[in-house]
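Quick heads-up: structures coming right below.
One chain, chain A, links the two complexes that follow: it is found with chain B in the first and with chain C in the second.
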Partner chain A sequence: MNWRWALRDLARHRLRTALSLAGIAVAAALLLDMMMLSGGLERSFEKLLLSRGYQLRVTPKGTLPFDTEATMGGASDLVARIRAEPGVAEAGAMLATSVHALAGAARRSLVAYGVDPTAQGFYVLETGTDLDPSHPDAILLGLPAAAIVGARIGDTVEIAGRLDPQVGVASGTRRMVVRGTARFLYDARDQPSVAVTLGTAQALAGRSARDRASVIMVRVGDDSAAASVAGHLRERIPEVGVSSIGEMVVQFRTRLSYFRQLSLILGLIALVVTVLLVGTLLAITVNEQIGVIATLRAIGVARRSVFLYVMQQGLALTVVGSAAGLVLGIITARWLDAILTSFPGLPASISFFVAEPGSLLRAAVVLLITGVIAGLPPSWRAMHAPVAATLRSDAL
Partner chain B sequence: MTPIIEARDVARVHALRGHSVEALRGVSLKVRAGEHLAITGPSGSGKSTLLTLLGGLERPTSGDVLVQGRSLATLDDRLLTRLRLEQVGFVFQRFHLLPVLTARENVELPMAEMRVSSRERKERAEELLAYVGLSGRSGHRPTELSGGEMQRVAIARALANRPAILLADEPTGELDMATGQAILDLFDRLNRDGMTMVVVTHDDRLAERAQRVVRMLDGQITN
Partner chain C sequence: MRRPVVMAFLALIVTTPKAHSQDIGIAIERRLAESARLVVGDTVRVATDTGLGARAIVRAIYEPAPDPATIMRRDYHVRFELADLASLLGQPDRVDRFGVVLQAGIDPDTAAARLDRTAFGFSVFSSERIAAGSSTTFLVVSRFHRAIAVISIIASAIFLLCLMLLKVEERRADVAVLRLTGISRRTVFISLVIEAAVIALVGSALGVVMAAGASALTNWHYQGAFETSLHFSIMTLSTIAFAVALSVTLGIVAGAAAAWRLVGTPPMILWRRG
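Our next item is the complex of A and B:
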């Protein structure tokens, strides 16, 4: 009784085995996707938050970054106080505001990030030259904004900070020179964003935005000190909110807990389906071969060998089906990711499904254990088949 | 001389759908080494049950069975299985060959269980298939063999580990007259070569060839 013989037994019923393998592959793919979904979203979010190396966010009290339109007054003083705190390596304010690109009678709404170019964690320059505090009329365009405005590096665009809501007349208009293109890290797909200096954004937003900021990004020199610096900032500047990456991930996790629940339920369903498929196929095989099994026991084949023979078939089904399922899972994860990341309001660079070796390994181990569990009842039945009674009934 | 198999006042009660059926009632029997014994009797007389007890496939409700002087009551399931593997060959009415294995691989199976090397298994299986007249059919699967050929493979499988005793339950029951005759000739040859044989049969031709015939009725030996 060896592996080759067990595999041949499966190959004898090609259609039945192929259908079972397909079922196991689909269940395995679902399980892998759910495992990637349950932890991947968080890890992807954490990676995104840390992508520019800023571990802390300072926001108006009681808010989270990008959560509201609330802003903080006295931004320059706040930044100076934060920079003076021990452990803080860098801090930069950002004001997010709506602006409008004017092209003749046309008005195109854009999202403007007003940043301190020396301390910003919102975009990555792709082409051209970065912003410079000495050039307040410079602007960087994201690709969707560049497409809407129809401008290239070196072009001049007319930007209005405000539009009269009744008649649509622009005010606070400035002519700005496109210095480069940038990829905005927290943008939703196709969001038309631009970056200008903080002072320019405040000027465009009008008097009410003077020296105000939506968020201040803080880089801590030593990663391990981020939590203690956050605590220190909370004590020293109690009028603002301070969030570490870990706290934001916890908030994110709480808000998206339904994703975890969904992935847990669907993952469990996938496991149950796998157990049922493997168990059913093996139970049918054992039933069909109960006479042969009794004969094998009669001629001296040990219970252990019979157990292993059936178990090997279950494991072979699980391993082959799972291997196909893991490949299928990675493919479907990409497809599902493309659908989910196109949801409005979500950063396009976030991934719901993160294929990591750990997820693959966990899924493979869980599936293997599932295969063993599924194979146990039929293997147990085969090894404990009453030999004489089975042979007697078989002879009738 | 110590009998190779001995049944001492064995009884066996089967539980069938809540009822107790006395399959054997105080049967005693001795089989000498090298003897060819036939057990005959009508259906339900207990002859197959007696064979399963002699081969250690199940345990008597009372009484004892000794094989080569060793009481089977003292053996646990693992040792009984080992005894069947090494000392007792079984042939059944239904051949029950593994359909995915070739004739040779089916014969190799008990040897594989004994951890005989692959080369030795192959050689011995080929020898046995030649002995039962199937030297050209070793690579065929059971579905490619006739009923008689399948029964010969089953006999070769029973002989794989050179058992001292061959127990056969209606070995010609599923075969036509001519094929059955060939199996009887094979059994004769086996017995001439020294094999102790106990054959349960309805077939008078098979019983006629035995050195001794035991007749059973209602769970008892009548002669």
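Our next item is the complex of A and C:
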């Protein structure tokens, strides 16, 4: 009794084997998708937060970055105090505000990031020249903003910070020169964003935004010291909130706990389906072949060999079905990811389903264990079938 | 125009319960009252992120209307008189939005377009457009649920087909005996299909009961977790009808296919004597 016999027996019942394989494949695909969903979003979010190497965020107390419109006062002093703390390698403030690009009577609303070009983690320059504190009238456009404003590098655009409905005119208007295009890391798909220097953004936002910032990004020299530096900053500057990447991921996880719970439930259902399919198929196979098994036992075939024969059938089904399921899972994950990443306001670089070797391996191991567990009862029954009684009843 | 609204992010600190005539009145939501152990008549200090603050008396505790859009954020809400909040923010005579009630017969989109042209500095939207915009998140979740449902239906359909096939094939010896005793193929076929239909119906009924239990459990868990009366899982008659119809149809089709194969096989082969 060997693998060849087990496989040949499965091949003899093509329809039932094909259906079982299809069932296991779909269940395996669902399980893999749910494993990718359960941790993928967090890993994707963490990767995004660390993409520019800033491990800490300083925000108005009680808020998370980009969570509210609250801002912090005395931004330049705050940045100076943070930079002076031991362990801090770099700190840069950012003010987010809405501005309007004017072209004749037309106006286009844009999101403006006011940054310190020497310490910013919000965009990656794609073409042209980066912002420079000595050129306050320079602007970088994201591709969606460039498309709706219709401007290219070297063009001049008129930007208004505020539109006053009472007098019907724009105020705080500045003519700005497009120096380049940038990819904004935290932007939702098609969000029209621009980057200007921090001082320019504060001026555009008006008197109420003078020396204010939405968030300060902090880079710690030694990654392993990020948590202790965060604790130290909290003690030294209690009037603001300090969040490490890990803490932000925890907050993010709490808000999206629905997806973790859903993935757990559906993953368990997929496992139950696999166990039932493999178990039922093997139970019926053993029932059908109980006479043959009894005969084999009668002529001296060891119980262990009978046990292995049934287990091999179960494992063969699980391995082949799971392999097909893992491929199917990757395809369906792309489809599901395309649906979920259309959430409004979600950064375009976030993925819900992240295919990593770890997820694939975990899914494969879990499925293998499931196949073994499902095969145990019928294998045990085959091994302990009463030889004489079975042969007698089979002969009738 | 009516109901202008100002929104702000404020800090709230419980202070001594001694009221003054210049104190402002606020209404706080029940969750906040429970969390901060506040009751009507308590005095608190409310402050903006710029440090501006004022003493306020808790005049009322209210239960906000359940809103799925904000349920995950779990923010606490406080209601002010408009003038009090504007004064607290240092922005008198400014609002975030107005609600506008139109006269009967006026088309909201036409009115919105006309108002939008009167000046810039604000945008005008009909309630339908705002509802469509704010429900985008739920539309995405709904599309995701539908996609998961498609996968689940495919998986359960294959599972059901496989089980019914195996179940009928298990009756090989019985069918052989029936055929050898002279029972017609038609009778055997019909009896096997009826058996499959009964199994599918009973299985579907059990499935509906299990789904009702799972739905109740889901609502109990999430309503408790989010302290809301929102329903997270709703079993509609159409959902039940679809699920039962699908499983019974699949069960009968699978049973019929397997029965057809069995009655087409010579009885001696079914009895492993051929």
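The rule we apply is simple: the second predicted complex is superposed on the first by the 392 of 396 C-alpha atoms of A that agree within 3 Å, B and C clash if a C-alpha of one lies under 4 Å from a C-alpha of the other, contacts with A are read in each partner's own complex, and residues count from 1 in each chain.
Here, contacts are C-beta pairs under 8 Å (C-beta built on N, C-alpha and C of every residue); 3 or more make two chains touch, one makes a residue touch a chain.
Keep in mind that what you see is a predicted model, and the values were worked out from it rather than measured.
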{"item": "Partners on chain A (chain B, chain C) - clash or fit", "value": "fit"}
{"item": "First (chain B), second (chain C), both or neither touched by A:Glu69", "value": "second"}
{"item": "Partner chain in contact with A:Ser342 - chain B first, chain C second, else both or neither", "value": "second"}
{"item": "Which of chain B and chain C A:Arg175 touches, first, second, both or neither", "value": "neither"}
{"item": "If touched residues of chain A are counted for chain B and for chain C, the larger one", "value": "C"}
{"item": "Which of chain B and chain C A:His384 touches, first, second, both or neither", "value": "neither"}
{"item": "Touched partner set for A:Arg334, first chain B, second chain C, both or neither", "value": "neither"}
{"item": "Touched partner set for A:Arg8, first chain B, second chain C, both or neither", "value": "first"}
{"item": "Contacts of A:Ala270 with chain B and chain C, given as first, second, both or neither", "value": "second"}
{"item": "Chain B versus chain C as contact partner of A:Ala298, first or second or both or neither", "value": "first"}
{"item": "Overlay on shared chain A, then closest C-alpha pair between chain B and chain C (Å)", "value": "7"}
{"item": "Footprint overlap on chain A, where chain B in one structure and chain C in the other make contact", "value": "291"}
{"item": "Chain A partner contacts - residues on chain B that touch it in the complex", "value": "14, 48-49, 52, 55, 57-58, 77-78, 81-86, 88-90, 92-94, 96-101, 105, 109-110, 112-113, 157-158, 161, 169-170, 173"}
{"item": "List of chain A residues in touch with chain B within their complex", "value": "1-2, 5, 8-9, 11-12, 291-292, 294-303, 305, 386-389, 391-392, 394-395"}
{"item": "Interface residues, chain A side, partner chain C - complex", "value": "15-16, 19-20, 22-23, 26-27, 29-30, 33, 60-63, 68-73, 107, 162-166, 168, 170, 208, 255-256, 258, 262, 266, 269-270, 273, 276-277, 280-281, 284, 287-288, 291, 332, 335-336, 339-340, 342-344"}
{"item": "Residue numbers on chain C that touch chain A, as the complex places them", "value": "9, 11, 49-51, 72-73, 91, 119-122, 136-137, 140, 143-144, 147-148, 151-152, 154-156, 158-159, 161-163, 165-166, 169-170, 172, 272"}
